[in-house]
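Following: one structure in C-alpha cells, then a few remarks.
Each chain gets a letter, A, B, C and D, in the order it is written, and its residues are counted from 1.
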Amino acid sequence: MDTDLTAGLDELVLANRILAFEGQGDRTSGHISWRDPKGRGLWIKRARIGMDEVVRRQDVHLIDFDGKLIEGTGQQHYEWPIHAEIMRSRPDVHAVGHTHAFYSQIFASTDEPLRPVGKEGVWFDDPPKFQETCSLIRTPALGKRLAKKLGSNDAVFLMSHGVAFVGTNVRECTLVGIYLEAAVRAQITIAMTGYKTKVPKKADALAKRAQTRTESGINNYWDYLARKLAEEAKA
Amino acid sequence: MDTDLTAGLDELVLANRILAFEGQGDRTSGHISWRDPKGRGLWIKRARIGMDEVVRRQDVHLIDFDGKLIEGTGQQHYEWPIHAEIMRSRPDVHAVGHTHAFYSQIFASTDEPLRPVGKEGVWFDDPPKFQETCSLIRTPALGKRLAKKLGSNDAVFLMSHGVAFVGTNVRECTLVGIYLEAAVRAQITIAMTGYKTKVPKKADALAKRAQTRTESGINNYWDYLARKLAEEAKA
Amino acid sequence: MDTDLTAGLDELVLANRILAFEGQGDRTSGHISWRDPKGRGLWIKRARIGMDEVVRRQDVHLIDFDGKLIEGTGQQHYEWPIHAEIMRSRPDVHAVGHTHAFYSQIFASTDEPLRPVGKEGVWFDDPPKFQETCSLIRTPALGKRLAKKLGSNDAVFLMSHGVAFVGTNVRECTLVGIYLEAAVRAQITIAMTGYKTKVPKKADALAKRAQTRTESGINNYWDYLARKLAEEAKA
Amino acid sequence: MDTDLTAGLDELVLANRILAFEGQGDRTSGHISWRDPKGRGLWIKRARIGMDEVVRRQDVHLIDFDGKLIEGTGQQHYEWPIHAEIMRSRPDVHAVGHTHAFYSQIFASTDEPLRPVGKEGVWFDDPPKFQETCSLIRTPALGKRLAKKLGSNDAVFLMSHGVAFVGTNVRECTLVGIYLEAAVRAQITIAMTGYKTKVPKKADALAKRAQTRTESGINNYWDYLARKLAEEAKA
C-alpha cells in the first residue's frame, strides 16, 4: 500500500469513530465512505460492526461502484448503493456518510425548511427530503433516485430512515454530518417553545459559512475530536 | 442441565442487561421472561435486583403458569401474571418483557396512534393501550385482561405504569422493546414542535419492516450490544 | 454513640449521595435532614460540600430547632429553617429534603395541578406551590410560612427556587423526592406534545399508591441505589 | 512572575475547564479572558485547543487590546475583539467569557425577554440580543458594536452564534455564564409545555440575587467545581 492510501484509510477509520463519538451510531448501522484515489470504487467499513468498532484498516474494504468486493474482507453493507450512486453522479464528492442521527431522522418526516437558528445552520442551504419511500437503499435504482434528490446539495434527509451527507473529502463530510445534526437539533428545540425566531439574512449567513467552513476550521475540530478519541482509547 | 436450556438461560440473562443498557431499567423494576422449552412454565429473573444486576443463571428462576417456583431460588416478581397470562393466551410467544420505559410509559396516557415517524416505527402496527387501571398486574385475572388487550399485537402500553412487549424468542422480544421505545420517542419529540409530519404508506412501511425485522438484522444488533456489555464488564 | 444513632446517621449520609446520584444535586446546594431520635433537633449535612461529597458521619451535624449547633462541626446551611419549621409543625415527619430538582423547580412557576401521567405520579395528591417569594428560607418566620403551605402534604414546590419533601423516615423522604421529580418530568414531557392525556381515577391511583409506596418497595429501591453507589465508590 | 499573576492565571486555567465541565465547550471553540493586572491587555487561552484542554499556564497567553501577542505562545483566537472591546468599554469588567452554550445560543434568535422561572434567572435583568449579524467577531469595529449592545449588562446573546458574559473577576464571570445558560434552559423548557408561568416580583428577585450572587456563594460553587475537576483528573 502506498502512503497516500494508508493515510486516507486511517482517516476513514477515524471518521467512523468520530461519528459514533458524536452520537450518530445506531449499533451496527451508519457508515461513511471514501472514494478510492485510484478510481477503483469506494472504501467503506464492513457490515456487522458499529462505527465505534472501526479501529484498524482491516475494518474497511474496497468495493467497486457495482458493490463488488475488490480488496479486504467482510460482508458489504446492504446500503452500499447510497455511496456508489452518489459518487457516480457527483464527481466533486469524495466522501459520503449515512447515519440515523436522531434529529435529522425525525426532521425528514416534515416539510419544514432548515433555517439557521443555531451557529451550525449557516453551513447549509435547505437540504432536500427524500420521502418517496422509507426503504433501505439496497438497489442501484433506488440509489440513483436518492442521488437525484440530493442533487448538488450537501445532504439529503431520508423519511423514517435517516440522513446522507457528502464532502469533498472525509474530514469535511464528517463535519457536515455533525453540523447538520446540530443545526436540526437547534431548530427543533426552539420550535418546541412556539417562540418566534429570526435568522440571519442570506448574505450574512453565507459570509459566516465562508468564515467557518474552512480547511483550517475543519482541521481544528477534527484534530480535537481525534485527541478525545485517543484519550478514550487509553482510558 | 442440557445444552439448549443453558444457552437459552444465558441469552435471557443477557437480555436483562441489554434492556438496562438501553435505559429501560427502573432500579429493581423491569423484567423479561423466556418460555421453558420443556413446557413447565417460564424463566424470569428473581425480584429485588435490577435488570443490570442479572449476571448469572442463578439470577433467573423457573415458575409455572400459576406463579409457583419450580426451579431456582429468590422471590418471584409480583407481576409474574403479565408473563404467565400472555404466554398462556399466545402460543406463538416465547418471550415477554415488561419495563417502565419512559416514552412508552407516558404515551400510554394518550389515545394517539403510533405513527412511523422514526425508522423504528415501521416495526409496529399501532399497539393497544391498557387504560382500565394503573394497578400492578398481580393477579391472573388482571393478567388475562392485559393479555386480551394485547391480542395478537407485539406490545401493549400500560397507563401510568409502563409497557409490555413480546417476541417469538428472547432476542426478538428484547429488540421489540428497544424499537418501540425509540419509535415513541421519535413521535413524541417531533410532536413537540407542532410541525406537520408525513409517514410512509402502509405498504412501504411493511416492506421496510420485512427488510429490517429479520433474524440476521436482530442478530447483528444483539451481538453488537453483547459486545458493548462485555467491554463494560471488563472496564 | 449508640447503635441506633449510628445506623441512622449512616442512612442519612447515604441519602445525600442517593439524591445526588439521582441528579438532584446542585453543586453545594441541596440537603436532607433527619430528626434526632433523642429529640434534640435535627441532623443535616454541613454547608460548603455537595450532597455527593457526604461520605462519613462527620459530614453531618446536629442542630437544634433554632439552628444552634449541638454536635459536630462545620457551618450550618442558611436554609436550616426549612427543616426545623417543618419538623416543628409536623410531628409525623422525621426527615425533610430540599433540592433544586430541575422539573420540580420549573413546575413551581405554574399553577398546574400534578396529575399522575407517569407511574410515580400516583404517590402524590397535588402538592401545593409556595409562590409568595423566591427568597432563600433563612428565617424561622419564612420557614413557618413554608411549613404552613406544606400543610399535611408530602411536598411543596418553591417558585424560582426548588422543592421540599418529607417522609416518616429518611428512606421514604428520599424516595418521595425522587418520585416527585419523576412524576413532574413525565407530566411536563407529555404536555410538550399537546396530546390529550387521561389519568387513573382517584380510587385506582390510591390503590396503586398502596401497592407501591410500601416499606418493602422502598427498601428494594433503596438497597439497589446503595449497591450502585458502593460500586461507583469502588470504581 | 509575581504571586498575584500566577494565582490569577491558575484561576483562568481552571475557569476554562469549569466551563467545559458544565457543557459549554464546543470542541476548540469557547474562551474566557482575564484583564492583565498590570494593564497590558488580557490573558486568554490560545486557539486550537478546547477549553477542557487548558491545563497549565502555558495554555493561556497575553495579548494587548489590539490583539498583539505580548507574552506566551500559540495562535490568537480570531474573536479576541470580543474580549478586548468589552474590556475597553467596561473598566469594571475584569473577565469576559464567550461560548456557544446551547440554550443561550438558540434563545438569541428570539425576541423573548429572559424571565426568572428558574432559580438562576434572578441573577439577571433581561440581557440584550445582538442580532445585526451572525458573523464571527473578528474586527475591533464589530467588537465595539457588540460591546455597545452589551452596555452595562452582564451578558449579551449573539444570534446564530452564542453568548458573551462578563464579571468583575474570573470566578464571577464563570458563574454568570453557567447561571445564564441554566436560566435560559429553565425558561425554554417550561415554555415548551404552553403552561402559564408566573415569576417573582422585581423586588423579590433582586433580594434573592443579593442573597445568592455573593462572593461566598460564588466561592462555594467554584470550590466544589474545582474539586470535581481534580477528582476527574485523578481518575
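Note that in this section a residue touches a chain if its C-beta (ideal position, glycine included) is under 8 Å from a C-beta of that chain, and two chains touch if they have at least 3 such contacts.
Predicted model only: the values in this text are computed from it and were never measured.
Common partners of chain C and chain D, by the touch rule above, are absent.
Overlaying the C-alpha trace of chain A on that of chain C calls for a turn of 180°, given as a multiple of 5. Look at the contact of chain A with chain B and you find different residues on each copy: under half of the numbers used there are shared. For the pair chain A and chain C, the distance between mean C-alpha positions equals 46 Å. Annotation: 33 Å between the Cα-based centres of chain B and chain C. Of all residues in chain A, those touching 2 or more other chains are 192, 194, listed in ascending order. If the chains shown are joined wherever they touch, the resulting network closes on itself as one ring, and no chain has more or fewer than two partners.
Chain pairs that touch one another, listed by label: A-B, A-D, B-C, C-D.
Within the complex formed with chain A, the chain D residues making contact are 27-28, 47-50, 53, 100, 102, 105-107, 109-112, 131, 133-136, 138, 159-162, 188, 191-192, 194. Residue ranges on chain A touching chain D, taken from their complex, read 116-119, 121-122, 186, 189-190, 192-200, 204-205, 207-208, 211-212, 220-221, 223-225, 227.
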